[in-house]
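One chain, subunit A, links the two complexes that follow: it is found with subunit B in the first and with subunit C in the second.
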Partner chain A sequence: MSLAEVVIAKRVRSLAVVGTAKNVGKTVTMNYLAAELSARGLTVGFISSGRDGETIDSFTGEPKPSVVPPEGSWVATAEGVLVDTGASLEIVDVQERPGLLGRLVLGRVIEPSPIELVGPTGAKELKAVAASLLLYGADIVLVDGALDRIAAASPLVTEGLILATGASAHDNPRTIAQETAALAWTWLRPIPPDPKVVELAGEAMKKGRVAFLDRGPSGPHPTYSARVSRYETVLGMEEQVLAEAGNAAYVAIPGAVTSKFLSLASSWPEQKGLAVIARDAASVFSRGDPGVPLYVLHSANLLAITVNPVSYRGISLDPKQLVMSVHRAVLKTVGTDIPVFDVVSGIRSPKGESSLAMG
Partner chain B sequence: MSRFFAGESTAQSTGFEAAWEEIRPKSSLGRRVKAKERPRLPGEEAALKEEFHQLLKAVSFYEKYPEAASKLEETLESLKDPFHVITLLEDKKTLTPAELFVVAHLAFSSGKVRAVLRETKDVGWPGEVTPPSLSSIQKRLLPGTSGQPSFYIGDSFSPELEKVRAERKDRERKWREEMAKEALAVEALLSRRPGLREEIAIRKTDSELVRKARLMPELAETRETLTHVHFRLKATREAVRLEREINRLRQKEVSLEEEVLSSLSRELVPNLGDITRAAWALGKLDYLLAKARLYRSWGASVPEILDSSAPQVVLTGAFHPGVRKQVRERGGRYQPISIELDSTVAVITGPNMGGKTVALATIGLCVSLAQWALPVPCEKMSFTLYDFIYFQPQSPGKPGLSSFAAEVVSLKEPLSRSGQKGLVLLDEIGRGTNPSQGLALYAAVLQYFKEEKNGRCTVVATTHFHGLPDLTGVSHWQVTGLCPSCKAPVGNGPDADSSKDGSYGLNWLYDHMDYSLQRVGPDAKTPQDALLVARLLGLDKEIIKRAEKIFLNQNVS
Partner chain C sequence: MTPKKMLLVPLDPVHDVGLKLIARALHNAGHETTILPPDLSLEEIISKAKATSPDYIMVSRTISYGTAEVLARFVDLCDASGIREHAKLVVGGLSMRPEMAQEYGFDAGFGPNTTPEEVVAWVDGKRIETASARHSLTKPDITQGYSYAFRDTEAGELCYDIAQTILEWAGNKTTAGIERAKVRADLEEARAQGDESSAKELLAKYAGLTSGDVRKWYDLGIPVPHTRALTASEISLIESLSLESPLPPGQKPLEGRTVMVQYGTGCPVMDAQHIALSLAWGARGVVHFDPSWGARTEGLLEGAWSHQHDGTVLTLENLKLIKRAIHPGALWQVRAHRGLNTPETVVLAHLAGADLTKVNIVYGSLGAGSDPARLTVDGVEAMRLAARYGMPFDVVTNEELCGVPARKAFAGMLIVATVGLMLGGRPVLQPLFANSPEAMVRGLSEDNFVDFNYAKMAVLREIIDAPIWPGAPVGFMTQTPDRCQSATMTALHAALALNLGASAVTIASSDEAYAGGPISAHARVDTLKSTAAALRFFGSSGIGATPRGDVYASELREGIMETLRRVRERRDFVAALYEGLLGDKDDGAYPGRAGKDTVREIR
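Up next is the complex of A and B:
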């Protein structure tokens, strides 16, 4: 199954492609995926969460690869970057609210040419733009994101996620694999199993307050009640929030879940069995298992991981070895078979256990 | 806000600011028009009458043509603000494709709006909300567009551009064919066909492959890393020639595209007047419809404007939308008020919680909205235009000043403007100092406004001071209040426990208070309900008993 086939099979209409570091092949992945989807008759839409940093490769001094949307695809980008490429777009909307580098222009690609994507940074705006592109006729919208522009990857914005990683993140395939697996662990956090817990945590999130969910008397069907705290965030308040946890079974956190909070929660002397509920993985500022049960209200749909074996530092890892290492580490850490691709060489991970055997 | 609102908080305290926020045009053009609004002042009666006439037309449009109204709103909502583009055109600048799209969109939207206005012409749309036809611009910028507008520098704008684009595409096709031959040759070496611009990395440990690659005329070595040697397909002589030609044609194409943009921009300049008029007309239409929506959502009316030189306000069934909303939200019944302010000064008395302050705010709100040509929240209203409105709210609160001192400082403004026509709303002046001097001061202020030489203001004053109407000889209005036959719940009854937080008593007050105003004689007694209200609000029974005793003794002595 190719990357496009994986995406099509999951029937997602919006997909974030998030790079774990610079030069990890995010743009190559987007271009490859767009070409594959187009070849299968699907119309692709493109937006970016914010702006993707430098346009010149710091190692080669050459322009970094640009997104080249196929003919007929839909694009949303800032007016300010359309000076060179504006002519190849049929403009259908110029949104009123000015953003980074001017107003957001929506258009259909008349002729494929490199384009810089600059989009809104807020989750709500990104979702609205993606929805507009779908309305205009895109079958699937690809959202260019990065770990420092994570809104794109929130399940509240996009229905699916592809993580792009590679040799630019580290020289050692083992380290790349471990870091990617830790990231995948965070992005694959489940929803709490008890629907009542989900309901109470959801209500607390709406209020924008940290809330503790206390378990009622034990019985065949546990009951929960919410204790809404006065805290709007745990950021800088980690100890104070935990000090009020008492015997809570869960703590629901509306904003950022810091690594300090998770680390303290895992070793808090008066706390045994406290589980943390975040809004979604994009709100969790920690990679890998922190030693405390971690749930999300909106689970992400990690569809695939792509790897780039070539780094700007001159390192070229063996594509097959990298693909297998990453796949094996993710499978071992999260127990889920997430397909791993090197889209340039065409190498992909085998299904399930076979990767372990090969590793 | 302007000096029309005298005092620091008149616009806010009357509820005008909140009402202003409820006027929500759909487009930034409508918001521009709203931002330029100002109150109509004495001397502008005729223009204001015409504006209310227009508002009623817009209201009738919503009632008669709901489908056309939603179509119109949809078009207005999608409007793009063209004023930046207008400035660029005024400066004779060349527009970008996105900027031309904005103009094209305006032309397209104007056409749609004109069509709706034409279909509903019996509404009698005023000329100033009808955009001029921009069909020639639409035809020029949107050749062949029927559905949603879109802009692209298509071949139809320039036959030469069409020719150059065709040539460039032909060369690109030939280049791809040429390079494909190279890729085919490399396929034999790599066992896969490389992409035409792809970099090929071969591991150094595969030294034989690296050696072969280096010998291939189709491959050019691009770089060497610690582990790999990188190659790229080398362009043939023909491919290089084609690349040069493609670049030349691209440059030509870009320059022709710029020419198209420049020529289209130049063509728009003579139409600048119509473009600007269309933008403002659409904005005015949007704003007018926003006012009509508020009219409908409030169940409002438009006022009758009196030309009389003597100031006058007559309100029938007037309500305060903000307070009405709160009352309805708690499931209560809202009682509108009626009042005739036909003399210079009027005093309103009434029990605590009887709605005196709300009555003042309602009067101020109705007049201010009317002067901004907005719907008025009442069944019927007639009034004369004022130069200013002043509302002295209770506890104006100023750092470093007691409430009494703040009151005195604030009063200086309306007093200094008493030569103008003003609506002066005073809420219990002097209540923050000793009652006898407070009453004297209040009476003096009212007498000052009443004197003929200063008598250009309409003053409405609320008070608990017994004797103020009599002292000043002004017209006296009173909140009807609690009906004498209504029995207030007693503290030791079944309701006593539930009234600990005062909610029971408060609800009882809400239910039994008659908020209507009635004209009474100047010597009518000021209601003495403070202790009853305190009891209903759950104040300690012992304290109430003591207070009743003290009150009785005072009155006997």
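Up next is the complex of A and C:
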């Protein structure tokens, strides 16, 4: 299966492309997907969660690939960039709330040409704009993440995600593979197996408070009770929160979960076996297995990984080797067969290697 | 306005001064502000933000390695923690730009030169004053408020006596230059009225009054060497120029100051670009420079021309094209001061809508190659026309560059200005601010470039209550091919002039004397930026001369008076010019020969 076929098979209506660093090929992946999905008769929508398709990187000054939405596709972008594009849009909506580069304009591409995408930066707005494009007629909305920002890939915002990685992140394919695997580990966190736990954790999160779930007297069907704390966040008060954990089986955290909290939790002397429940992977600011069980209330749908074997710093890695090492590392670390693609060379990871995970 | 809760976060341990200034402005505007200490981790900052529920979180950060990642992570943490739903995220710092802030996921980004007031305005829901802010210009009148009374009564008597003899001498004389000016005015009037037969007749009459290459063009249609007609697409380039532009950061010190720049690349299209650029960077007006052959040839061309060499061809069409690039609030000077087409140039300047012109009989005669008798007759007529059109004119003293000492050049300037006053005009004195040959030879600038320039300003103000506009441009002989050095010298001369009370100042671009071709755009911006910086630096502190400055001033004043007395004694201004009383061969001044023996008496 090609990357486009993977996306179609998973039936997602919105998809975020998230990078492990800058210039790892998010835009190239977007353009590839747009072309392939359009060729298969799907109408694509485009949003950037920051800024995308600009010709020069505002940070490094390096040239960047253009975004060229196909004819008939839908885009959301700031009115301020429309003067510089050759693309013609049929504008259907203008959102009055002004952003940095003017109001947000929703439109359908009449005449394709490179266009800069400037989108809403907050997760909540992104979701609303994606929903609008779907209503107007897009079959699938592609959301380009900015930099290595992850908010757009939250399952509360988009239905699926693709991780983009490559030589811009590191020079060494082994390091790239390991870091990507660690990131995939986070994005593949499962929902707690016990529905009662899910329900209690969900209620606590709605209150916006850190909550502990204590296991009741042991029996064939474990029971849980929630102990809601006064903490709204664990940030900056990791130790205080853990000190109140007592004998809790789970701690449900409504906001950001950082590596500092996870590593403290894993080595907290009084509490062995405490599991952490985050809202979703976009709330987890830690890469790789922290040594403490980590669950999410909303699981993400990691469809694929793309690799870019070249970087503007002059690094050019062997695409096949990079695809293989990333695929193998993810399989080994998470035990899941996530397909890996280099969309430029067309190289993809082989299927049916899941047996390796057992070994 | 509802007071807002502000959390100000220095993510940069060193550079949080800007944040403190912004915090103070927000506090003064009635908002509740909290500044966090500079050494907190991102997690601790989020924790504080959770605890205080601010409406705005303002982060300051200087760009360095890893900044993009830190800022992006901060925004993701805000999103994950739910802070984003209630608070707007703002980032500011040196090298921050709105598009970077957008990329990192902030709601707003403020770069260097943002004033605290701009941030307050944004918070209060007013438009961000960046790209939308317009640099508003209103046209200054640099002659306003001057009585033109001689404070030195003896100097006044001398000048009026001499001016009277000039007017009497010139009163019964005319030249082809004066006749052409009249024909041109009538011709353009006939064209405006659609009177084609009169226009045709007048055009033939005009052509008959021309000579040399200009005559060849009128008679045979042969273009003047090194010129070609502008194309329609070139003309449309000028039309597409946008005159509205924000004043760039750091250029505010130029606001309210009349800093003029010169243009005359030869090509009206390039001139238009340079004018738009210069005005955008804070210049208050522009001065048109024509090619030097225009001073030596009888007659001016018609039509829109590009000229291969320096100096933009003077025609009504060229001027009207260029006018389109001049902001309505900017001053426009078309110089007419030195050659055989001086009166007609004033006519064209008026017809094209110029604000100012430039006339000096003495400089044109001794430093620019025009015959003294011819230019005296033409100069008087030019000043009469300028007075009729209500167009002030400066009286330049660039003969100093030939080596004429300031005492003679200033005497000449005061005489010509007085003629202008007697004709009802509004002259502006234009002392040279430079390291003149006189200053070098006499060692007046050995220690500094302030004393002698200070003396020039002081003396002129002691003698007469008239506007002073040093130029043109300032800084001659102090600049080198080094752009930084050149821009600095220009800026300091300009700042000195304005600090000493000059009504205006003309500056050059940093490569003007050395370009060997058209002036580059960045060289223009160099000097405007440098001048803004110098003005910002000195503010109203004043720049002091050493005690030598007053010594030079009294010497100069005595020298001017002595020169005036000698010219009056001669009782013949033109003879005084030929004989070198206002600059002789030893000084480096030679009476010009262009237009010699072309003055006719009117019967």
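Just so we're on the same page, the second predicted complex is superposed on the first by the 336 of 359 C-alpha atoms of A that agree within 3 Å, B and C clash if a C-alpha of one lies under 4 Å from a C-alpha of the other, contacts with A are read in each partner's own complex, and residues count from 1 in each chain.
The rule is simple: contacts are C-beta pairs under 8 Å (C-beta built on N, C-alpha and C of every residue); 3 or more make two chains touch, one makes a residue touch a chain.
Keep in mind that what you see is a predicted model, and the values were worked out from it rather than measured.
S.K.: Return fit or clash for subunit B versus subunit C, each positioned on subunit A through the superposition.
M.R.: fit
S.K.: Output check: A:Val310 vs subunit B and subunit C. Expected answer is one of first, second, both, neither. What do you get?
M.R.: A:Val310 contacts subunit B only, not subunit C.
S.K.: Applying the touch criterion given at the start, work out whether A:Lys124 contacts subunit B, subunit C, both or neither, answering first, second, both or neither.
M.R.: It touches subunit C, and subunit B stays clear.
S.K.: With both complexes superposed on chain A, which partner does A:Pro217 reach: first (subunit B), second (subunit C), both or neither?
M.R.: After superposition on chain A, A:Pro217 lies in contact with neither partner.
S.K.: So, does A:Val94 touch the first partner subunit B, the second partner subunit C, both, or neither?
M.R.: First partner only, subunit B.
S.K.: Counting only touches as set out at the top, which of subunit B and subunit C does A:Leu82 meet: first, second, both, neither?
M.R.: Only subunit B; A:Leu82 stays clear of subunit C.
S.K.: Specify the partner with more touching residues on subunit A, choosing between subunit B and subunit C.
M.R.: Touched residues of subunit A are more numerous for C.
S.K.: A:Arg108 in the overlay: touching subunit B, subunit C, both, or neither? Say first, second, both or neither.
M.R.: It touches subunit B, and subunit C stays clear.
S.K.: So after superposition, what is the minimum Cα distance from subunit B to subunit C, given in Å?
M.R.: Shortest inter-chain C-alpha distance (subunit B to subunit C): 10 Å.
S.K.: Residue overlap on subunit A between the subunit B contact set and the subunit C contact set?
M.R.: Shared contact residues on subunit A: none.
S.K.: Within their complex, state which residues of subunit C touch subunit A.
M.R.: Where subunit C meets subunit A, its residues are 41, 43-44, 46-48, 50-51, 68-69, 72-73, 75-77, 79-82, 84-85, 89, 97-109.
S.K.: Name, in rising order, each residue of subunit B that touches subunit A in their complex.
M.R.: Within the complex, subunit B touches subunit A at residues 28, 80-81, 96-98, 101-102, 105, 148-153, 192, 198, 201, 203, 223, 225-228, 253-254, 257.
S.K.: Within their complex, state which residues of subunit A touch subunit B.
M.R.: 60, 79, 82-83, 86-87, 89-92, 94, 96, 103, 105, 107-108, 110, 310, 314-318, 344, 346
S.K.: Okay, in this complex, where on subunit A does subunit C touch?
M.R.: 22, 49-51, 54, 58-59, 99-101, 118, 121-124, 146-151, 154, 208, 232-233, 235-237, 254-256, 258, 260, 279, 282-283, 285
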